[in-house]
């Protein structure tokens, strides 16, 4: 229920079109649908300009399919994104809701339905190594669901800093940059020191030595000496994409 | 041995019905049965108003079955609950003790024998997401073993706070609320800020980003700004149910 | 605003006594007072049956005093509790709001104004050692603010288990028990194994060896083998008291 | 050296105005001044649209003063910000560079010289509690250095969610929101679920129970169920402000 | 109450000398004295062959004095040890109970009253460095309270392994060895590899680099490749001494 | 080489029976056999009164077999123990060295060859739960290799403290006690408070809630309020047995 | 591009042979080849005297093969090392680039192509136990790729210190020593106390008790009392080898 | 005792000049002096080419002075270094041993006596920020004690990467590089990617956000993507200097 509808509701009470009891009941109700195992939020696209995402882990294939179908049943809804889905979850969801676009992210997949129309923005997704690509792909698939066409610069880790410096122009011209880095996560500091654009860092659970499944990169990115760098959770390519959607004008 | 029995014992010594040596031996013995691999506690239902539970992990299927059978052999015992059982443990226990009620909790199961008679209390079990349902089901199955009929409100996470606010009446009318939440666990603080009822939070090991297998939710629930929230261990649906049984009048 | 007031508001719109715009504005307003640095919640006593507490650390003495005064300005409010206050904060608050009752909790203090009328409940606060008393006192002062008169059993740690067993009668007769324990926190498991009452454990930051400022006790209490034990945050005597208030009928 | 200057340099070599050796030397030199103990970066305002900040801890008062003076000596530089300065550092810096604006942030201070001209943007800084205000003030002082005039909403923690909901209009209308929260950090998830604007969360080291000096809030914010939330380091009000400067058009 | 007394009690009931009610009351009582803030355990010396120790931190000077005095009031008691006492606690305790022997352990002290008569055992206390001496002294003072006369070998750290090897004879002849080591704690493994005697390791909170206040040494000692090494808590010289008392014949 | 042999060596040099070069070479050689992948220590039984153990994880089945065979090839050696062996390692070792006694410890096994002759000592191994039995069995098998016949008391966890108190006589009469406990590890404190014997605690990786794979129990045992308790590493039944062997006269 | 090439470039601009625009473009380009998923660094052998290594985990078999082939396509390149490769990755790489030398490192493998010509240096690789050999083999294979012929001393752990002391001559004569140790990592301190050579410690993830997958050894090695010991990441045999290559003259 | 002396000893036995008993005693004795609280190692300079260092924390001023004096009493000894000394320790040491050179390292100091004669090597000490200088100075003072003259490049953090690139020539020409960096420690990776020289990283306890007193930098440096980087403990400038001394030819 947006502000206009709220006003209308109260006008209806004032004009006698609607009894107070009914209005009181309505005020408690915001637009979601309760499937028993999930309360599907049809309001999110209005409230947040983002589509609804279904995080697959922990849900049965049937639950994934039912939630996706319910979301697509809303005629004015935005993009629908199923993330980190196993093959059986992908299959169920596509059976219930044909037409989704599947992007592999390592052993899992992202599926997108009803992608937003294309919009123009220069978004860079920079990875430190090849092993960071599955996370980068979760990010790019989510960006594409929202109509964006990011450019991926893979394998720019700081051990060969000239590989990053070769892309200085793209970095300084970008509207926003996502840095995807495991191990020590140093690439994020370096990129944030080069560009004036918003930089969102994704710590990745890859790496060895003392990478601690991404905790080291997460901590390092937060201890960064580069001002204005922000960070999302470990391996959270979806979240970084949503942050980009939030900050674009 | 309760206080009455202790008094009887000493009266018997005083009256000469029982020699001191025998009494001394009895005082050392409280009612448990030693199976060699387990000391089965027949005293718990008297001492704690709760039945005895058998935690399946780490026990063989035969051990599970033998302990359940021993507990059911006590004629005046209360409910018997087998938790987190694998299929082979469930099968052995049901073969040894037919008539148990099986509830799935993800890949595992809870089995209940000799459930308590129904009693009236308004218990809410609120989950943040669909992936928290297996833990919620361990909780509800244990509550049902004790005669309670909880209501489950699934998928009320704070990212769409209206989904929770839609249930404000149930929350304020509840006799007790269990909040089941992984990820950042924020739902517990929110619920505890809305209701005057006792709120018991279960951190769940689901989630990603920096969820650390439930440690983040556990810490966050303990750092909560909501007064009077209490917390049980990670994924401990059984423990939260027992806490409810303790606090009901 | 409670449900009755909400109904009245809508009735007023329906009857034309109040224009919709004004009602819409009211619906956004719940009863708090914004002091600029704090939004004082006059609604809590209705919503949660608990008074409002002011957590002193991080607030200036003037801020403490102003918040306390604002809370006491509400005529129908409940108890007001200032916790973990330094001497200068206590002095400012008492200057602004005379008549508070001061309880020392180590180097800090709890101050209570407008304590609730006495009510009857058998509450035990059991400590493992003498060094746990400051946390126990934060708990008892908060309980007393709500009209309760807890009994303190100090120094019952498991290294001399007979000291606890001597109080078995009080434990089994209690309506609720708070266990205050640092070091390894084992007392909580033991108490919860003896009594059927609700048991709320407070891990304490005292101790040495590997106590890790209370983290060890907190973890140990959550890994407890005693069913139905619940836990609050480290040193959180105030929170345990609020949990007691929630669960009493 | 920006792209234009680089082009000029190479043109000069091509035209014979500048020998190759000299050009080669220049290519190694970017505009910073080496004070021995610091390499002052005059290039940052061009490269990043942000001024240079001097992080006071670990620097002597004289070092702070010298770096600030050097930065102000650059005629075309942007704002200069000295953060987390102790009184002696503030005094030395103001003696060397009069005219700075001092904002207290708890026991420390932020000093700003040569603030940018005012620009229009609706920035909200929302705090969970009163104790989060020093961090919020580091953020607002830095935003003001860049010409922004943020609005502060203090004490909106989730334990009384109506206090936040009263500000729903400001939240949905904001261009960007900073959430400042210690303890369990749940406010960030809630705000990100309400507004479509970019939300930057600052975990704060205040709190008790299991707050672990801000680590709990940092982890919880990264495990958030709200999509598109980004996070900066613990207590890093300066960093959040710089992130806002980056993302504004 | 020992087994003989228990038998006597029951005999008295049987013979009518003592009514059952009185016996029942006695069975609940074991020999401690409740000072209100402490339950002083007069039974420990019988039960554990060790005296009672008073751990000073968290107790007021008056509480220390009162507990010590109560312990000494028991005529048949064993040694009384006050550990980690600050000067004011030492002074109060000595005023209440003159005649204690004071041993400095860094800034704190151990005080011993009523030391046990000398007994013969070859106890070695080996330290890795000079900075480990305060912990070693807490251990030796406690050993001396129990009549033992340990030999201290200071500064035998593995960086100069010949310094330890020079004492191989003492190590192989010892009845028990305590190893006191901070930093990486490697000395414990080395000693346990040389001697057949029981080796008890005390991790010490000294050290730098990544010593983590003794946590590194504690973990390293538990991961030791030397078979049969046991460990006490960080800096717990008192506990290691008690472990020695337990294991001597 | 023991002290006698060393003396003989030097006597031989003095008498000219052995040239200095040869003696110098011998002094560098102590009795081990280098298999390339392992330096088998034939000296341990003399040096430490314990046999040599082969820790199977990380070794190939062939390596296990070769080391066991080499150890048994020493005619005067003591017991040989292969711990935590997988079935293929057990099979290879028994093929190379028939006659070993196999004890299952969960999915793994302990194999013992050339067990020491029986000796008399009252050793108790007490477990908190049934799931702790595999670790207890690693301990008892190792004790039996050294000629000891421990008594196991299973399932004595503190949630039903009477189950432990029923065995008070065995506890007070024991020469040494091993406590095997996962979860919160509270049983160790309780046992150490009851008996005067040496108590060695083994934290176990079983448990849930916040057990952290045994880390919680390890920390809790080190923060224990019971004096003189010592601890070995997580699940280290072998190490606890060796500690018992060290401390017996 | 090395310094000579840079000079040539500028000379060409000066002489008019090359237009400034082209030079500016070249200056941005350093010698790597962008395969889309990887930026292959042909410059490393010049810049660092080390070959390029391909870290297999997280890369597909095809990606491994393509990167190896690209590296070998550079005519003047140095050794190429594929580390931690699974069998399918080894097979693909060898199919694309025949002639590699395969060394098993546990379940994984190292493959080396175009090994450097032999050079003379006395390098010791010392392991604490047999289970450390896979990590040692990753180190030795990488050393061999650079023309070195290390000597391995296996199973020299401190529990039998004479096994290490037997190799004192090799230790004192070495040009560099790598210590490979899990568990408590004490061997590194001991070796560094014996030899004047550079000592590089590799913590290994093997071990039990409280080894925490190598974190304990890593921390212990950093808290070492031996001066001048340096450490690489957990299990990082490759990194230690590269450190050796860096420090040899 | 070096190898020559050992040979002489055995020759003397062989020739009858020295009885076997005396030789046996000598073999147990290596050259240290036992001061009771310290075993001063006069052998280290021979064994390790490094002087002996005295780590001041935890030692009394008198103990520092006595150890320094004892070390200087050895006529052929090398440099003597007192590290992390407080003013009172410096004063005592200089009173006992005049002529030491004092270098401030923050609030503490390094004192050097009997510095080695100058030797030629190009050593760079690079710091990320000004706040890293105290640690850098501990390193440079120790290097100077061994005759080296390092060059310090301060404030080269990656947030302005051109500040580091300006020193590329020094980096590529260095014989060894020490990187001193707190916060996220990214500078170490970057430097190691540029130079072929040995790079030793010192994590520093400065920083904020999520720096965790240097633990984040330590972990990040170990997770580095730059091959052959080695690391010493947090703030261990002394250790890094010793590592340099070890690796120089």
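Quick notes on this structure:
By letter and in written order, the chains are A, B, C, D, E, F, G and H; residue numbering begins at 1 in each of them.
In this text, a contact is a pair of C-beta atoms (placed from the backbone, for glycine too) under 8 Å apart; a residue touches a chain by one contact, two chains touch by 3 or more.
It should be emphasised that the depicted structure is a prediction, and the values quoted were computed from it without experimental measurement.
Taking the definition of touch as given, a chain qualifies here only if it contacts subunit C and subunit H alike; those chains are A, D, E, F. If you take subunit E and subunit G together, the chains in touch with both are F, H. Residues touching across the subunit A-subunit H interface largely coincide between the two copies, over half of the numbers being common to both. Taking the mean Cα position of each chain as its centre, A sits at the greatest distance from subunit E. Over half of the residue-numbered contact pairs at E-G are shared with one candidate from C-D, A-B or C-F, namely C-F. We define each chain's centre as the mean of its Cα atoms; on that basis subunit E and subunit H are separated by 37 Å. In whole angstrom, the spacing between the mean C-alpha positions of subunit F and subunit H is 40.
Distance from the subunit D centre to the subunit E centre is 53 Å, each centre being the mean of its Cα atoms. For subunit F, the set of residues that touch two or more other chains comprises 129, 160, 169, 193-194, 208-211, 215, 218, 222-224, 227, 232-234, 236, 239. Pairs of chains meeting the touch criterion are A-B, A-C, A-D, A-G, A-H, B-C, B-D, B-E, B-F, C-D, C-E, C-F, D-G, D-H, E-F, E-G, E-H, F-G, F-H, G-H. On the subunit G side of its complex with subunit E, the touching residues are 128-129, 157-161, 182-186, 189-190, 192-194, 207-212, 215-227. Residues 47-50, 53, 169, 172, 176, 193-200, 218, 222-224, 227-234, 236, 238-247, 249 of subunit G touch subunit H in their complex.
By the touch criterion given at the top, residues 6-7, 10-11, 13-14, 16, 19-20, 23-24, 27 of subunit C touch subunit A in their complex. Remark: subunit G residues 28-30, 32, 36-39, 41, 43-44, 55, 57-59, 63, 67, 84, 215, 218, 232-236, 239 touch subunit A in the complex. Residues of subunit H that touch subunit D in their complex: 129-134, 154-156, 159-160, 162-163, 165-166, 168-169, 206, 208-210.
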